[in-house]
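Presented sequentially are two complexes of subunit A, the first with subunit B as partner and the second with subunit C.
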Partner chain A sequence: MMPKLIKKIEFDKTISKWFKSYDVIAPVSSKEGIHFKRIKDPKEIKLDGNQNSIYPPKNVFLPQSEVLFTVKNDNYEMPDQAPRKRIVFGMRPCDARAVWLLDTIFNKADDLDLYWGKRREKALIISVGCASMCSNGFCDTVGSGPFGKDGSDILITELDDAYFVDPLTSAGEALIKSLPEADDTQGKNAKLIQKGSVIKEHQAADLPRIREKLYEAFNTSIWKDVSESCLGCGVCTYLCPTCFCFDIVDEIDRSERVRNWDTCMFRVYSAEASGHNPRPTKAERTRQRIMHKFAYWVDNEAASGCTGCGRCISQCPVNLDIREMVQEITSLKIQ
Partner chain B sequence: MDDFSQVRKEAARILSEKIVDMVIGFKQGTIPLKSQPMFITSQEDTDKLILDGFCQNNLAVFLHDQPKDKRIGIICRACESRAVRALVIEHQVNRENLYLIGVPCMGILDWKKIQDAADGPVTNAQESGDQILLEIGDKKQVLIRNEFIVDSCRGCGHREPIDVDIQIGEISPIEMNADNLPQTWGESFKSKSADERFQLFTEETERCIRCYACREACPMCYCTECFVDHIAPRWSESMVTPGGTQAWHIIRAFHQTGRCVECGACERACPMDIKMVYLTDKLNDDMKKEYGFEVGENEEKQPPFATITLDDKNRFKY
Partner chain C sequence: MDNLYEPIPMRIERIIQETDDASLRSFELSFMRDADEKAFFKAYNPGQFCQLSIFGKGEAPFGIASAAWEGKFVRFTVQNVGSFTDTIHHSRVGDSIGMRGPLGNGFPIQDWKGKDVVVIGGGCAFSTLYALTKHIMHADNRKEYGRIVVIYGARSSGLCLYKPDIKSWYQRPDMEIHQAIDVPEEGWDFHTGYVPDVVKDVAPSPKNSVAVVCGPPIMTKYTLPILVEIGFDAKDIFTSLEKKMKCGVGKCGRCNLGPKYICKDGPVFTLAELNELPLDL
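Coming up: the complex of A and B.
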């Protein structure tokens, strides 16, 4: 597929053209930092440096709360949740990879989640690679990278006066077919930027080893040690681009069945009706979070469930650092 | 604090003399501008203890999970000492099993504001007197410390740790030069009309993602089951809607009436940068005005809204 080019002076014009047939969702400035929302003017887009949003864009496909159906006169009515086609512009490769990972959960051919499936079907993901890695990011160690391609329909590399636009799927290619082609020099420059973006000291995580070590440590007290300062809030999981747990609740007053994000870090998440809680303390809950990311995902998809975006590290109120936790657990010597 | 080694020595002493089983303090964080709470059981680890403006939590929150009969030492800034007293008054901790090491506090720093003011991603940050020294890769940058003190610490009227077992270090005044600083959020909120205030409240709460970091970071939020988690009866809508989120913020604040120690740990824990201290501050002001009650000033008095007396001048109406 031929790489294309958007000159910076023509950027607004190009994006505006998409407004006719698509809702365009893009990173904009907001009170807490960068936030993904539907834009009406390309000037709203904020792509400065390598800053990612605090709230992950997974909510484009898995909203924090959504009505699954309403019961009216004995009929079940499903809401039309994505009537228009959508472009998610400016997703970072870590978040696009997260969507790709979540497709293995929600978008299976034989076990499709209708809500996720419909939204995915009607959406294109245009990622913008990170010329330099963000402070707490470690995408390059968990199977992706600042220019990782998984999940994206188009991957953009920012050049001095233009955007180098690389289509990765046929849908992506169709969207940009009228754009001018990039020449060889631009292609070379883009390659240079992509190569220069990784941090040399970073080493790829040895996922099979980590997985094995985690299973070995399953019944040890290390989990209590690493989770001692955990507050039990939902910051790490709600801000995680791959955490997808949800709770289904009937809002009886409105005759609605709704789905809300939920998190294994909450005590009530695993509390059972009998009063028994199979994950009674923070140690078991933290174990679940780490095992899910670095053992169960590896079991099921041979990939890490962590895309290395670093949000949980930057935003944790007590600075619990998943890198440090995994390091500590896997270096444990078990008799 | 200039000489923190005394605090480390005291922590090591109470551990070695078996006065306590554990000391709660802070250690260096894994990333710049952050620190980590630390639970020390062996005296060698006391060397790792630190205290600076990046220690953003209220350590008293960690007493919730500890058995009441465990003997615990805790490095106490004024906020932590007030929280401990409030927890003692509400029978949540046994004061005799705690050993409070009082330390001075120069105000907690807003790491997000510092990062925003920096010329790039901060790779190292140190406090030095009234300055914050930043390293951004090879570059260096100096910020004025007072400009980055969080709102809840700027107006702090309780800088002296109370009821401590030992006080280390002197409480020196913070020269705020408040004239040069913009109004705090709470002050500017107060000066607005009711409609404007509701607008601001709406704008703040609509960013809420219900991660409940505010609740979990709060030393006074210790209910084993929070009202939002209650299923029968259901007090709060399950969906993250503007109405449900506003209800959460209002009820959370009301449950803190006359109990909030004004440490601001809730606001600092919030990933979405939502202002909330102004709500509890207002409720505490009312408690002072209406009942002459202030959290932590007295060893016995229960918070007015947690008390019932037979000679109450106001009868219950129904």
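Coming up: the complex of A and C.
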């Protein structure tokens, strides 16, 4: 597919054209930092170097809270989904990869989650690669990279005076067919930027080995050690682009059955009516979180469930670092 | 396209008080729409479960305790343990209730054809085994299987489920039934003791046999090694697992056992499969 070009001076005009047929969701600046929202003016878009949003954009497809049904006289009615098509512009490759991973859960033809599916089929993802990696990012070690392609319909590389626009799917190609083609020099420059974006010292994680080591450590006390300072606040999971667990609750006064993001880091998450809890302490809960990312995802999809966005590291109130935790667990010598 | 989370409307047709302490009741639900009934029985396999839904109380999973041939209803045996089950216990004939299912894999009964089946249950977890036994013992199916041995334990005689049916099983020449209670009671003519010990005493032959074990975790934990000791292969020992669930369809992430979801990949697993999984139960 032929790469295209958006000159920076024509950026606003290009984006504005999409408003007619699409809702455009993009990163904007707020006092808490960058977050994704529907924009009305291209000038709102904030593409600042490698700054990613505090919240992952997974809520575009899996809202933090969403109505599954309005319930009247035991009749469960699914609310109408927004009919408009959407463009998610400025997603980072780590988060686009997360959508690609979550499609394996929610977007399977024989087992479709209608809520995710309807949003997803009407959305295009235009990612913007990161010319340099963000401070806590380690996307290049977990199967992705600052210009990773998984999940994106279009991948953008920022050049000096233009955006190099690389279509990755036919839907992406169709959206930008009227844009001018990029020339060879621009293509070469984009390649150089992409090449220069990774950190040379980073080594790809040996996922099969990590997986094996985590399983070996399953019944050890290492989980207690690595989770000692954890407060159990769950922020690591709420801000994780691939964490998808949800709770279903009934809001009686609104006559709605709602699903809300949930977290395996909470005690009540797995507590059973009998009083039994398979994960009674934060050691078991931390084990679940880490093993889900680095063992169970590997089992099921041969891919890391962590995309290396680094949010859980940046936002942890007690500075826990999942890289260090995995390192400590996998270097454990087991008799 | 079906919505995985949408309950179908059901009506409570019959409520059966199963135990003398009223902690266990069976509820037989009928379908309000023909299409739902058709879809259910087309898919249903013994060992599967459903999510029952009461708006305002939420949803919870229950094993299916009826065989398809019994009629156009679905039976659930519910123990009153929490707010959801308490609400069900206080419902009446004619009340409506939501249902999603059948969910999960169920017992691989097609693979068991031509084999002896040893059914081992304890407490209210006997419900899906009851459905299984009723299915196998039906005239249309009985000849497909070899010897049938049922071992069923409860804490006391008053806590035994499905009393009329189990009583009638003693009259059948084509099955073997062993009932047990934990402590001796006057007038109890059957086994006394815990299920694992009864299994040891009965020692069903492992030759061309499968064993199915459902019970409280502690019973299952001690029964599985005894079956191995008797000579059952781990691939021929089946059990059904439970964990807290929300969606029941492998999406909400709650009931995982390592990389498997009990709701979707289970609830029925072989001991061989469990031996490969981290026991996060």
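FYI, the second predicted complex is superposed on the first by the 332 of 335 C-alpha atoms of A that agree within 3 Å, B and C clash if a C-alpha of one lies under 4 Å from a C-alpha of the other, contacts with A are read in each partner's own complex, and residues count from 1 in each chain.
Keep in mind that, in the parts below, contacts are C-beta pairs under 8 Å (C-beta built on N, C-alpha and C of every residue); 3 or more make two chains touch, one makes a residue touch a chain.
Just so you know, these numbers come straight off a predicted model, no measurement behind them.
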{"item": "Which of subunit B and subunit C A:232 touches, first, second, both or neither", "value": "first"}
{"item": "Touched partner set for A:292, first subunit B, second subunit C, both or neither", "value": "second"}
{"item": "Touching partner for A:249 - first (subunit B), second (subunit C), both, neither", "value": "both"}
{"item": "Partner chain in contact with A:215 - subunit B first, subunit C second, else both or neither", "value": "second"}
{"item": "Shared contact residues on subunit A - subunit B and subunit C", "value": "247, 249"}
{"item": "Touch list for subunit C against partner subunit A, complex", "value": "1, 3-7, 9, 55-60, 81-82, 84-85, 96, 98, 217, 242-244, 246-247, 249-254, 256, 258-259, 278, 280-281"}
{"item": "Subunit C-touching residues of subunit A, taken from the complex the two chains share", "value": "68-69, 71, 74-76, 78, 105-106, 111-114, 117, 215, 218, 244-250, 252, 257, 259, 262, 264, 269-274, 276, 278-279, 284, 287-288, 291-292, 295-297, 299-300"}
{"item": "Residue numbers on subunit A that touch subunit B, as the complex places them", "value": "30-33, 54-55, 64-65, 134-136, 228-229, 231-235, 238-239, 247, 249, 251, 258, 260-261, 263, 266, 268, 281-282, 313-315, 317-321, 323-324"}
{"item": "Residue numbers on subunit B that touch subunit A, as the complex places them", "value": "29-32, 34-39, 56-57, 61-62, 65, 112, 121-123, 203, 207, 209-213, 215-217, 225, 229, 237-241, 268-269, 271-274"}
